[in-house]
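To start, I am sharing the structure in question, which I have written as structure tokens.
First chain written, first letter: the chains are A, B, C and D, and each begins at residue 1.
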Amino acid sequence: MTRRGAGLALLACGIAGLPFLASSAYLLTVFNIIGLSTIVTLGLILLGSSGQVSLGQAAFYGLGAYGSALLSRDLGWSPWATIAIATAATAGVAYLVGVPTLRLAEHFFVLATLGFGIIVNVLMVQLVDVTGGASGLRDIPGLRIAGVSLAADRAFYYLVWGLALAALLLAQNITSHRTGRALRAILGSEVGAAALGVEVSRYKMQVFVASAAYAALAGGLYAHYIRFISPSPFSLYASLFFLIMAVVGGLTNIWGGLFGAALITILDQVIRAQVPRVFPRVGGEYQTAIYGILLVLIMIFFPSGIVRGALDLGRLLRPVGPEPAKGGSA
Amino acid sequence: MTARPLSRRLIILAAAAAGTAGLLAPAPPAGGQGAPIKIGTVFAVTGPASSLGKPEKDTATMLQSQLQSAGGIGGRPVQIISYDSETDPTKAVLLIKKAVTEDNAVAVVGGTTSPESQAMADYAMAAEVPFMSVAASTTLSVPTRAWVFQTPQRNATAAAKALEYLVAIHAKTFAFLYRNDDFGQDGLVALRTYGLHQGVALVDAEPFAATDTDLSVQVARARVKNPDAMVVWSTPPTASIAAKNIRQLGIRAPILESHGIANRAFIQLAGPAAEGVVFPAGKLLVAGRLPAGDPQKALLEKYASDFEAANRYAASTFGGHAYDGITMLADALRHVGPDKARIREYLEHVRGFIGTGGTFNMSPQDHNGLGTRDMVLVVIKNGAWDLWK
Amino acid sequence: MTAPLLEVVDLTKRFGGVSAVDGVSFAAAPQEITTVIGPNGAGKTTLFNLITGFVPPTSGDVIYRGQRITGMPAPQVAGAGIIRTFQNLIIFNETTVVENVMVGCHRWTRTGFIQAALALPAAVREDRTVRETAMAALALVGLEGRAHDRARDLPFGQQRLLEVARALVARPALLLLDEPTAGLSAQEAQHLVALIRRLRADGVTFVVIEHNMDVVMDAADRVIVLEYGEKIAEGPPQAVQRDPRVIAAYLGEEVPGP
Amino acid sequence: MLALLPQLLLTGITIGSIYALIALGFVLIYGVTGILNFAQGEFSMLGALVCATLLAWHLPLATAALISVAATCVLGALTERLAVEPAFGAHPLTLIIITFGVSMALRGLALMLWGADPYALPEFTPGPPLVLLGGVLVRQAVWAIGLSVAVVGALFTFFVRTVPGAAVRACADNAFACRLVGISPRRVSLAAFTLSAALGAVAGIVITPITGATYDMGLGLGLKGFVAAVIGGLGNAPAAVVGGYLVGIIESLATGYLVPGYAGAITFLVLLAVLFLQREGVLHGAQRRQA
């Protein structure tokens, strides 16, 4: 318990100090996007802790973004309030979506979330009068505290990472205690969990709503940070990438959200920065190919995600393990 | 039991952070008096708009070597930095930021699609850096924004040119089949509005998705309204599928397409259905058939042959938009040097600049500087492009 | 005679045209150990599925503490105090042995989503109790040494015991065990029977599906025999053992005339 | 508006035949290995683009098609050996992400080799479209429909009537039993990927005369094929083909009779409604696992 707390505190210190090590606006933007992706991915990992997979996460991200952007832009409400409202409303939407879909068997649930994502994206493109259509929505107000703008990358950095850490802590807590055990039991066997009195459908719903709220919160922050939104960052493709972040990080570990989002984003940036240096005349096509190959390699070497992979590696490197000796009764 | 690996996690995190900082840091600029002037470019080399972004990026690469062999600008080398936005506005913003803050680019060319350009334009305004958009959305330069310029003929301009054809063939009604994205939606608004003014009525509008594989349903719905002309606003392959489906369903009305079909692929995919299709375009496609006195003729022929020599595929108008943006910037650098505010000032007063897209006449009220006179109507005849008379 | 804890009335389940359970009725008094025997495919497990709410019956009723619980969802049935184990074991593979058992405490613990998310002191306290309870139960079945191993690394017999421990910590009033001694050594089986007796003394009622006749004779107060979904005999073990219909069912012979 | 119906149905069948062919590739791999292969659409892309290139080198269509199918087969086998096999036994999601990585790599490779412009293939039997009940059907669509039916027939014959087929089916159910009878699940998986790549390539070549071929066509095709395959229950080839046609026809009817821009959304609403109503797709409590 206390060690975990200490770890979080250390992480918080590291995050707080990072802008002093790497202070360019561009790097801060990269970190900010990692922060936003971390929150979205944490939602997926929460969902994954009960064994569910969603291909609609970007749609909830988008609902948060569009909801908050529209309320603040067209009604003039404070972005802080609209982020909260959009998050709550998106959670409500998730509830309504969950009522029929959570009863579906595994693959059909994935299909349903995929369908939901496509429906939301179609609405973003199609409701031109409200959403600005495919051309997007401009002039979204930025965030301010007591008249001071948080538009600057560094100010936003502290905001988004503060929230990301809080999200991490909450997710960590949800997956420990009674709720976490129930979720992992559902992951192991819905039948076995139900036989012990775990209200399977209620837990699945709670965690689905929470994951949507995570995404929507990040979406609201995104809208007031970039201050321009269009349907494409909330497409099926984006949902897929959030899922990749979650799986690469490791669906069974909350820290996978942070490390998956960070690794995938950084990988993307490093390939972008390094490939042209090695092959000066090539363009994005090589980057896509290399990215794909690296993704395959990561998954082959860390099939349970990089967090689990790093832990296993650590265990191997330690000469005398603290775990009780195995094999006594095997 | 989860406590122990914590230290390891933190080590990994620290390593990752340090690694990021190290790997993402820009290469040290070539020092000394010959420090390069940098122009940033951000094109959608991959993703849905790659057929536009790829020639744009290849044009930038070609211009880089041309500028290099010309000895740079004002004795200083010029470096054109290329980034791929993957047709994603968020990445486009990230990359324009990178170009400006990491690479110290004095100006940025790019934004293949309108959403990318819009997102980049907002950043350019905030960071006060000249931005040459290569997207065609009308709203990019109407109303004018101080730091945002646009090199393609606006969608509204193309639509106005297209309408000249409908008026010339005395069409009273037309059906509009469009790809349901910013390109198609922009065209719909422009053609409907202009048509209203010129007595050509829109009788049916049918959207479709970029990934659609067959459009005969949309065509069949349009056929019910019996329009005088069929207008299609998209790029291949859907633009070709639409033309094929129109002919397959036995519709004989003339087909008018958009400037989005200005590449060979349209003709190949549409086959016989391409015959007689008319579309508005920059003069690049018909450079060889322009009268000798046309001011753009020499430039267009040079660009096309240079591009084909460098890239083994035919030049397109999209690459031309990048060409115009970069050469106009080079021109500005030659006259005022690498100063953002002075570049902006210079660009705003460009007059008579001959580019692939037309003769640019900028002003504080018009950051595009092109009009319908810079476009031509092209007809596909015997599988080749020709000027429509 | 005291009022029965569980009463099964004319319970029937048809899958397609086949009756898996056909008009079965019986009652289990508090602290009684009832065993259900019968050849493979006799409908024993289906009977458990019907009682515990995993499968809705075609007709008939399940009455628990005088209340009709027919068709009640499985988690609610478990919540009311009817806990079961599974013939082919359901272990939460990816978690540790002790955590498997801790899930068993779900029924009587209260920490909700919000309390957990905020790690309120009550949640932390409850966690401590749950862990202690689980460790105690593991000690009871002799698995305390493997508490922190991954559950799937245990051999089959120990997984069986783990499942029993997990059922115990749920503090059930009625415990349905589906072949609890399958895969256990004779010694482990004896130990388990002793445990069942002890728990019965503490107030738990048992319904046990069992193939091991020694266990049945040793532990059961009453035996119910199923064949092709129908109850063909019921009574004290010794009486049932002599029932010709039962002998026939097991030996696959024609039922001799009475 | 009823006059539109024949055309809508014919278009729906045309689109549906395309989806069905891709769905078959999904089912083939999922059925025997339990892996959802997100690179399935890329096989079609590669088949079509290689064929277009060979055609440009003046090879006859049939030869070009054969070579490109063979080349894609090799690629399918390589995919299995280099990317999937090393991660054998990992969580299904991990394997899905691996196939997604493969699809990105192939897409990048295709962009390098072919660029972003679309390529065309000629119709196998050129000629004016067929007129049926007042609607028109492109000749090439007849090929696509015929192929989807023929493949189902061939798969059915293989899996149900032949010994190796039955063995493969057994493997899908139980990898352990499979080893007992001397069949290596790895060999089966290799065969499934190779065969599925062939199927994908053939599908790509057959549909390109209708749609054109681009380096990124795999994404859209893969998505629709996936949807069709899931609708069909993922394990069942004839059902996947029905799923493909169902998706195509619903899409076409939604476009024709409802608001066209919303067709994609409406299609999904209808499909989901079908799923909810059909209890088959719904896992109710423990019924299945405990049965």
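As a working rule, a residue touches a chain if its C-beta (ideal position, glycine included) is under 8 Å from a C-beta of that chain, and two chains touch if they have at least 3 such contacts.
In this text, all values refer to a predicted model and were calculated from it rather than measured experimentally.
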item	value
Chain whose average C-alpha position is farthest from chain D's own	C
Comparison of A-B and B-D by number of C-beta pairs in contact, larger one	A-B
Central chain (distance from its CA mean to the mean of all protein CA atoms)	A
Centre-of-Cα separation between chain D and chain B, whole angstrom	34
Centroid distance [mean C-alpha coordinates] between chain C and chain B, Å	70
Chain centre separation in whole Å, for chain C relative to chain A (CA means)	41
Per-residue multi-chain contacts in chain C, two or more chains	54, 73-74, 148
Chain A, residues touching no fewer than two other chains	125-126, 189, 191, 194, 284-285, 287-288
Interface hub residues of chain D, defined as touching at least two other chains	108, 111, 219, 261, 264, 285-286, 290
List of chain A residues in touch with chain B within their complex	3-4, 6-7, 10-11, 14, 18, 21-22, 24-27, 29-30, 33, 125-126, 128, 133-136, 138, 151, 222, 226-230, 232-233, 255, 258-259, 262-263, 266, 269-270, 272-274, 276-277, 281, 283-285, 287-288, 307, 310-311, 314, 322
Touching residues (chain side chain C, partner chain A) in the complex	52, 54, 73-76, 78-79, 83-86, 90-95, 99, 102-107, 109-113, 115-119, 123-124, 126-127, 130, 145-146, 148-149, 153, 155, 158, 166-167, 170
Interface residues, chain D side, partner chain B - complex	3-4, 7-8, 10-11, 14-15, 18, 108, 111, 115-120, 129, 135-136, 138, 207, 210-212, 214-216, 219-220, 252, 255-256, 260-261, 263-264
Interface residues, chain A side, partner chain C - complex	1, 170, 173-174, 176-182, 184-185, 187-189, 191-200, 206, 210, 252, 323-324, 326, 328-330
Sites on chain B touched by chain A in the complex	2-6, 8-10, 12-14, 16-21, 23-24, 27, 45-46, 50, 53-54, 57-58, 61, 82-84, 86-90, 93-94, 97-98, 101-102, 114-115, 118-119, 122, 126, 137, 139, 180-186
